[in-house]
Structures are given as C-alpha cells and as structure tokens.
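Quick heads-up: structures coming right below.
In the two assemblies presented below, subunit A is common to both, partnered first by subunit B and then by subunit C.
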Partner chain A sequence: MSAVASSLPAYLKLASLQMQVTHAYRADVIGGLSVVLLRILLLKAVWTAAYADRASVDGVALPDLMTFVTLGNLQLVLMRPMLVWYVQRRIHDGQIGLDLARPVPFLGQLFAQQVGATAGLLPFVVLSIPLAFLVGNLAPPASAAAAIAYFASLLLAFLIATLIGLLMGLVAFWTVQSLGVGVIYEFATQFFGGALIPLTFFPSALRTLANLLPFQTQVFIPVSIYTGAISDPADIVQALGLQVFWVAALSVIAWAVWQYAKRAVTVYRG
Partner chain B sequence: MTKINLGIALWMAGLRGALQYRTDTFIVIVMALVFQGTGFAFAWVLLSRFESLAGWTLGQVAFLYGLRLIVHAVAGVLTGPFFGLDWQVRSGEFDRYLIRPLPPLLQFMTQRVEISIFGDVLGGVGIFLLANQLVGIAWTPIALVYLLLAIVGGALAEGAVRVLIGAFSFRFLASQSFLYLADSVFSTFANYPLTIFGTLLKLLFTFVLPLAFVAYVPATVLLDRTAELQVNPLLAYIAPTVGVIWIAAAVRVFNREIRNYQSAGH
Partner chain C sequence: MTDPIISVDQLTKTFRSPKRQGGRLGALRTLFTREYTVTSAVSGISFSVDRGELIGYIGPNGAGKSTTIKMLTGILVPTSGELQVAGLVPWQRREQNALNIGVVFGQRSQLWWDLPLIESFDLVAKMYRVAPDRYRRDLGRFRELLDLDEYIDTPVRQLSLGQRMRGDLTAALLHDPRIVYLDEPTVGLDVVAKERIRSFIEEINRDRGTTVILTTHDLVDVERLCRRIILIDQGQVLYDGTVERLTAMYAPYRVLVVRLAPDRGDSTDGGDNANHDRPLGLPGVEPAGREPGVIRLRFDPAIIGAPELISAVVRRYPVSDLSIVEPELESVIRELYERRPATT
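Now for the complex of A and B:
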C-alpha cells in the first residue's frame, strides 16, 4: 500500500496528462457525444412507437424506460475502453519500452491513463445532460439511497470497464493489432449491457446469456438501481456483490495475463 | 467509354491494394458485421416482444433494414475515399488528380476501396433474404426492376450527401467529422419507417437530407404500404429519380468547389 502512496504523484501526473490529451481532441469527443445523442433520439422514437398507446409494459412505464436508455447510453461514454487502443499504439510505436522502464508498475500506469481519460470526458458528458434530457428523458433518482447506491455501482462499473479494456489491450502484446476487439466489445456492451433494450425485455434464453456475461454490470445494474427497478436493499447488495465479484475475478485474470505478457514484449524501434 | 474503362481499372487496382492487408480486411469485415448486427439484433428482440412498430411487422422492418444496408454498401463502392478527402486537400495530395487527363472526381473516387462495404453487403443480403422468408413478396419482373432501380437511386442519394459534404473540403479544409456525423445519421435513422419520427425529423429527412428515399420510400412500394405516405403514392414510384437529381447537383457543386483548391505551400 505504501508503494502506491509513494508513487501517487507519478500516477496523478499520468492521469492529468491523459486528461489534457482528451481535452486536446475535444472535436472527437463532441463528435462521439453527438452520435450518442442521435442514438438516444432514435431509441426514443422507436420505443415510443413500440409502446403505442400502452402506458406500461411488463411493469415498465415509457418515461422510466427512456430515463433508463438515456442514462445508460450517456454513462457508457465515460467507460469507453481507451486502454485497448492506447496499449496497441504504444506497442506499435515502440513506446512500450519507455513505459516499462518507468519506476511505477505498468498496470498502475494504465489504470491512471483510464482515470485521466474518463476525468477528461466527464465535463463534456455533464454538459450534454440537458440535451440528453431533451432528446430522451432523465428523471431524478428513485431516492437518496438509490442515488448513493448508483454512484457506488457506477464506480464498480468503471473498474470493470477499465479491467476489461486493460485485458483487451494486453492482447496486443501477442497480436499487435487489437483495434477490432475494442469495437466489437463496445457493441456487445451496448446490446448485452441493456443500453438499447433493458434486459427485462430479453427472451429468456438471451437473458440467461446476458446474466452470465460481464456486460450487464456496465449499464443494466447501475441504471436499474438509479431508476428504482432494483430497490430492495437485499437486491441492491446482491447486485453490488456481483459487480465486486467481477472486479475481483477480472483483477486476478489481468494480473495473471500480465505475468505472461511481460515475457512476450517485443520492442520495435527500441 | 474510355473514361469508364479507366475508372474500372483504377478501382480494381484500389481494391487489390486494399486487399493486400489480409488481417485488416478480415477485421474490418467482421467489425462491419458486428456493427450492423447489433443494430439489427435490437430491432429483432424489440419486435419479437412488441409485434409491430407503427404497423410494421418484424419481417417488414427486416426488409427495410436489409435493403438499407445493401444501398449503403453500393453507395460505399465509390464514395469511401471521401473520408480521407480533407487530409488529401490539406497535404496537397490532391494535386495528382489535377495533372492527369481524367476528371479529378473520377480519379479520386477510384483510388482506394473501402473494405467495410463487403461486410455491409454480406449483412444486408443476409437480412434481406431472411426478411423475404417472412414477408412473402411476389417478385414480378416489374418488382425486380424497381428493386434494382431503388438500390441504385438510393445509393446515388446517399453518395450525393458524401460528395456534397466532401466538396467543402476545398474551402474549409475539414470535412471528415461532418461526414462521420452524416453517416451515423443515415445508419441510425434510415433503417426504420419514417412514420415513427416527429414532424420536424420527417421534414428534415425528406427535404434537407434525402434519407427517406434511400430505402424507406422504395420499401413502402415493394411492401404495398404506400398508403402511409403523406404524398401521392404515385410519387413513391419515381423515388429512385430523387437520387439522380441529388447526385447531379452534388457533382456540379463538387466540380465548382475544386476551384477553391489552393494546394499546400511546398
């Protein structure tokens, strides 16, 4: 623990540099957010047409559904797995040699990069909330307790997204090319996470599959806590527990993969 | 005729060039399939639960979705390079098209081939064939001819938007992000019946962007749903000509805008 504390300034520096990079490419950030807002606009039109005159389907009212979809798609912006592309670029450029020679552990550096990128995105996402409210819908959280549990769940979701991004990035140690993996992951998260259709509406076989995958921890669990769809304290604890399980499992896997990846390093232009 | 033959030869060379990167080719095709597959999986799960969308059944939405994807792929055959046009203008690369004896637009569009069109065509034909099992259209010779014209007309309409946006690279030196935005508007909204959108979007997608003519209007003709259109159904039959008008205007604008090209100060 003391090792982490003494390297804290280094980690903070890395995170703040990455934050500046995000800010420098703000045109891309705004472009990306526009696409998300368009998606929310489409989802509102499609869901409104699907509900037609029904006030509620399977106990889900249309405005609640729109809050779910709006919040789910917005928060996914914060959890874009930038590490996939970051690690690949570092390996491709040969900069990875420099990263490995730094006095702080590589995995810690990567974590700091993702924290910096997300912190850089945060103001843009917050500023787009009024627009998201206009094109979709955003109701306040179900209760104060729901709000607190939501932020805890969102933090766990962020950790899971970071760990998955890191694992996908490490794949580049063997394949060099991992761009496609990241893109496929993003679409899988949208669909199996429930950002397009809440898992409640999935046919049972698909629902079972979604429950076994880590993607539901990115959207469905935190947003269900926010809207109050998961409101019983025991259910909230169970949902957070599942997220903690994924954090633990993915941490162990990431650490184990890293032990192998270290030996597979090939530095170009070293 | 020589121009067309040369264009085809250049395009084939561009394709051979792109296919050299085999892993990239494979990954890009899979990415295109996953992207379109996710969008379709959404429509599929939604319609299995909710039966219909503004009166459109799963089969009918799938038909529209597949048709739109095929049109998108055909539009990409010649307009893929537009995503790199602003860079070529900024770096002065565009010079090369001005010193050869072929129209610059033709040379530019045939220099490189966007591999993702193969993923789109694969997904589009797959969904389209599946939809045909569900809706049971009587494919008379007239219907088949109309389908072909609709695909070409739709592709011209979607391509025209790329040509138009790209044309402003010469003056403003930047167009890529606008092209991506227009592309996501098409891939987001053109897959669904226009009737689910509000008045403002309906007007926008009919008069400002030719989005309705890319697949929706022709699909209403083939699915015998023209009654839901707010215009005379007869107009729907001439929908493919909208693309012709758009592309003619876009090419004119492009050729006029080239005059603003300043090259890079070497």
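Now for the complex of A and C:
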C-alpha cells in the first residue's frame, strides 16, 4: 500500500496530463459525441417504428426503452477504452521502453491515464445531456436510492471497462497489432452490453450468453438500476456483487497476464 | 568505494520469434506454430564501469548496443549472465533501478507531444519524487544551461529537433540520476546543436559526477567526450579501452601530404617509377594514393620519425606545402569492421 501512496502524486499528474490531452483533441471528442447522438437518434427512429402503436413490449414502455438506450450509449462514451489502442501504439512505436524505465508500476501508469481520459470526457458528456434528452429520452432516476446505487454501479462498470481495455491492450505484447481486438471489443460491449438492444429482448440462448460475459455489467446493470428495472434491494446488491466479482476476476487475470507479458517484452525500433 | 557502478558478466540475450509459415492461411498457421527462429542479439558481453566514467558504447547497426542498454535499464530480461547496476539487478528491481538512472533514446521522446514542455518536467519530478525546492533549483539550472526559457511553455510538437533533444536531456537528468544512458543523443542535429549537447553532457559528467554511457554513430561525439570506449559487434566486445590505444593498435600510421610546387608537379610524378613500393627508398613508408600535384605517404612513426621523412621529401621534391594527417577514429573503426570475420 505504501508503494501506491508514494506513487500517488505521479498517478495524479499522469491523469491530469491525459485529461489535458483529451481537451487538446476536443474536436475529436465532439465528433465522437455527435456520432453517438446520431446513433441514439437512429435507434429512436427504429424503435419507435418497431413499437408502432403498442404502449409496451415485454413490459418495457417506449420512453423507458429510450432512456435505457440514451444512457447506455452516453456511458459508453465515458468509458471509451483508450488503453486498447494506447498500449498497442506504445509497443508499436517502441515507446514502451520509456514507460518501463519509470520508477512507477506500468499497470498503475495505465490505470491513471484511463482515469484522466475519462475525467477529460466527463464535462463533454455532461454538457451533451440536454441534447441527448432531445434526440433520445432521459427520464430522471427511479428513486434517490436508485441514483446512489447507479453511481456505485457506474464506478464498478468503469473499473470493468478499464480492466478489459487493459487486457485487450496487453494482447499487443504478443501480436504487436491489437486494433482488430479493439473493434471486436467495441462491438461486444455495444451488443452484449445491451446498448443497441436491451438484453430483455434477447432470445434466451443469447441472453444466457450475455449473462455469462462481463459486458452486461458495463451497460445493462447500471442502466437497469437507474431506470428501476432492477429495484429490489436484494437484486441491486446481487447486481453490484456480480460487478465486484468481475472487477476482482479481471484484476487477477490482468495481473497474471502482465507478469507473463513483462518477461516477453520485446522493444521495437532499435 | 572502488566497486564498479555497473558490472556485466557474460551477458547474453536471444530472441525467439515464431517461424513464419507460407502458403494458404500462412498467417493463421504462424499463430499456432511451434517452430521458432532464435536470434542472438548479445552473446557473452562482459565489462565494468566505474563511478563517474563517460564511456562510448559503440558498434555498427544491429551489434547489440540497444539490447544491452535495455537490459541495463531493466526493460529486457537477460537470457543468461550476470548484471548489476548500482547494486541492483535491473530486471528484478526495475522500478528501484529506474530511480538511479536516466535514459535518453534519441529516436524517441519521453516528452508529451501535445502539451507544453514544462508539463513533462513536472511529471518527471512527481514520478521520481524530487522535492519541490530541489526541483525548482535544478530546473532553474537546466533552463539556464540549455536555454529552455524561450520554449518551455510551447507544446512539444512545435519544437525543433534540437529543442526537443534539450527537453529530453533535461527530463532524463532532472532527478539527478547516478547513471545516464544516452542512446544517440545527437542523431539528426545540426553541428551547432550537436556541439551544445556535447558540452552539456561533458558538464554534467564533470560537475555532478554522473556516470554516462553514450551510444552513438557519430564518432565525433566519442572523440570529443569519451576517454574510454567499448566497441561491440555481433553481440560481443571487440575492444574495451582508451581511444588512443585503439588508434595506436589499429591505425599506427600517419599520412604525410606533400603538395608539390606547381611548375614541376607533373614531371616529378612519374619520376620514381622504379621504386614505387618504397618511395624515397625509406623503410616504413608507403605511398597512400596520389593525385596530380599531391603525394601522400603513409608512414609508421615507430620506424621513421616525421622530421626524418620530411627532410628526405624536401630533398627529393620541390615542395610547396606539407601536412601530417592523424588517423581518425572513423577510419580506425571502418578498418576494424572490415577486418572482422564474415558473418553467416
């Protein structure tokens, strides 16, 4: 623990630098957000047509569905896993050598940078909420308790997204390129997370698969808590427990992979 | 007290990469192959470095220089052999080792591309736990020595290569490391910028007693800065010692350049055809190329002294000018590389 404490100022500075970098590329951020808003708009058009005149499908009313889709997609912007491409680019360019010649643990450096990137995105996402409300829908949280549980769940979702992003990035220690992995990952979080189609509508086999994967814990669980689809205290605790399980499991896996990867390090370009 | 700060003993590093599979689905088969190609980057290197030395670590491309540096910094795990840097085994204690060292890779930068230069320095201070007052004082000194002030608030991407290199050197030295590894710190710089970097390296080595391991292809860097060089090739130490001894060993010759008086230049040119292998009939003197009006004589000072040779030349030829060329490190190294056994 003392190691973390002595490195804390370095982590904070790293996060702050990454936040500034995010702001330096604000045109990219705004572009990315516009695409997400457009996606929400298109999803609304499709879902409105699919619902036709029905008030609800499988017990889900259209406005609730749209709150789900809107919030789910905004959340994904916030958790955009920069580490997937960041680690692969550092390895590809040979910059990784400099990162490893630091007195601060590498995984800690990476985590701090994802925190910084997300913190940099936060104001943009918050400012886009009114627009998101217009193109999609955004009802207030189901209750005060739901709001509190939502933020706890969101934090856990962020940790899970970061850990998966990190693992995807570490793949580059063996393959050099991991952009393909990033594309698959993005698709998986959107689809199996439930940001495109809520898991409620999945056929049972697909639903079972989604339940076994970690992606639903990034979108479906926090948003369901927010909308009140998960509202029973015992269910909320269970959902949060599942997230904690994934944080723990992925941490162990990431640590183990890193122990192996750092022995296999090859630094490119002379 | 006299313990070396770096000791390397029989260090080797081999890389194993999967053998590429050809044909259909070759890429996929490569992924699952169990056949490997083993390449040996460093094969049995030993040397030791004392506190405060400034060493040129040189060799041709692919000789294993960077691989050695990467093992010294703890980035790469050696395949076999022993190494210790300031009492630590770098790869086992990578993060503690990092506190003792500074690194500059001339082809890369540790600076944050999109942010003002000062931000990268602030990060270094935090990472290496440099106390705020010491940071302020040391940064002040670097600002003065390297003229950082005019661009310290400029984003790194807008800096010239020379400015960026000064920034990188500062970032590598802010925490006052005991050892600094400089991998091609002058690559791509103009003469003025190179000279500035050289005198800076000289200064920190002299004033702070920082041990410097300098890797470079620019032998002027070496001649200007290093007393000792370690020359490696094909993963092995080819030479370890002073620059003077190397030149004496591999290029004992000097060249006397004789410029002939213009009026009779051409006629004398063919004058001593009879004794082409031994101009002037003196031992230890060989012709070293000629062009109209100029005669070059290579002589071994151990056999014949320069005054003796010059007086013989003046007696024999109408001379307008004379000069003696000392062997350059570059030609020594070239000769050395050419002499080595052919690689497989």
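Following the convention adopted for this analysis, the second predicted complex is superposed on the first by the 268 of 270 C-alpha atoms of A that agree within 3 Å, B and C clash if a C-alpha of one lies under 4 Å from a C-alpha of the other, contacts with A are read in each partner's own complex, and residues count from 1 in each chain.
Here is the rule we go by: a residue touches a chain if its C-beta (ideal position, glycine included) is under 8 Å from a C-beta of that chain, and two chains touch if they have at least 3 such contacts.
None of these values were measured; they are calculated from a predicted model.
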{"item": "Partners on subunit A (subunit B, subunit C) - clash or fit", "value": "fit"}
{"item": "First, second, both or neither for A:263, with subunit B first and subunit C second", "value": "second"}
{"item": "First, second, both or neither for A:201, with subunit B first and subunit C second", "value": "first"}
{"item": "Touching partner for A:190 - first (subunit B), second (subunit C), both, neither", "value": "first"}
{"item": "Partner chain(s) touched by A:42 [first = subunit B, second = subunit C, both, neither]", "value": "first"}
{"item": "Touching partner for A:13 - first (subunit B), second (subunit C), both, neither", "value": "second"}
{"item": "Following superposition on chain A: angle at subunit A, subunit B versus subunit C, Cα, nearest 10°", "value": "90"}
{"item": "Partner chain in contact with A:98 - subunit B first, subunit C second, else both or neither", "value": "second"}
{"item": "Shortest CA-CA distance between subunit B and subunit C [superposed frame, angstrom]", "value": "7"}
{"item": "Complex contacts: residues of subunit B adjacent to subunit A", "value": "23-24, 27-28, 30-31, 34-35, 37-38, 41-42, 45-46, 48-50, 53-54, 177, 180-181, 184-185, 188-189, 192, 195-198, 201"}
{"item": "Contacting residues of subunit A [partner subunit C, same complex]", "value": "6-7, 9-10, 12-14, 17, 20-21, 24-25, 93-95, 97-98, 100-105, 263, 265-267, 269-270"}
{"item": "In the complex, subunit C residues that touch subunit A", "value": "15, 61, 66, 70, 73-77, 94-96, 98-99, 101, 103, 105, 107-108, 110, 112, 114-115, 119, 122-123, 126-129, 155"}
{"item": "Subunit B contact footprint on subunit A (complex, rising order)", "value": "27-28, 31, 34-35, 38-39, 41-42, 45-46, 48-51, 57, 177, 179-180, 183-184, 187-188, 190-191, 196-197, 201-203, 206"}
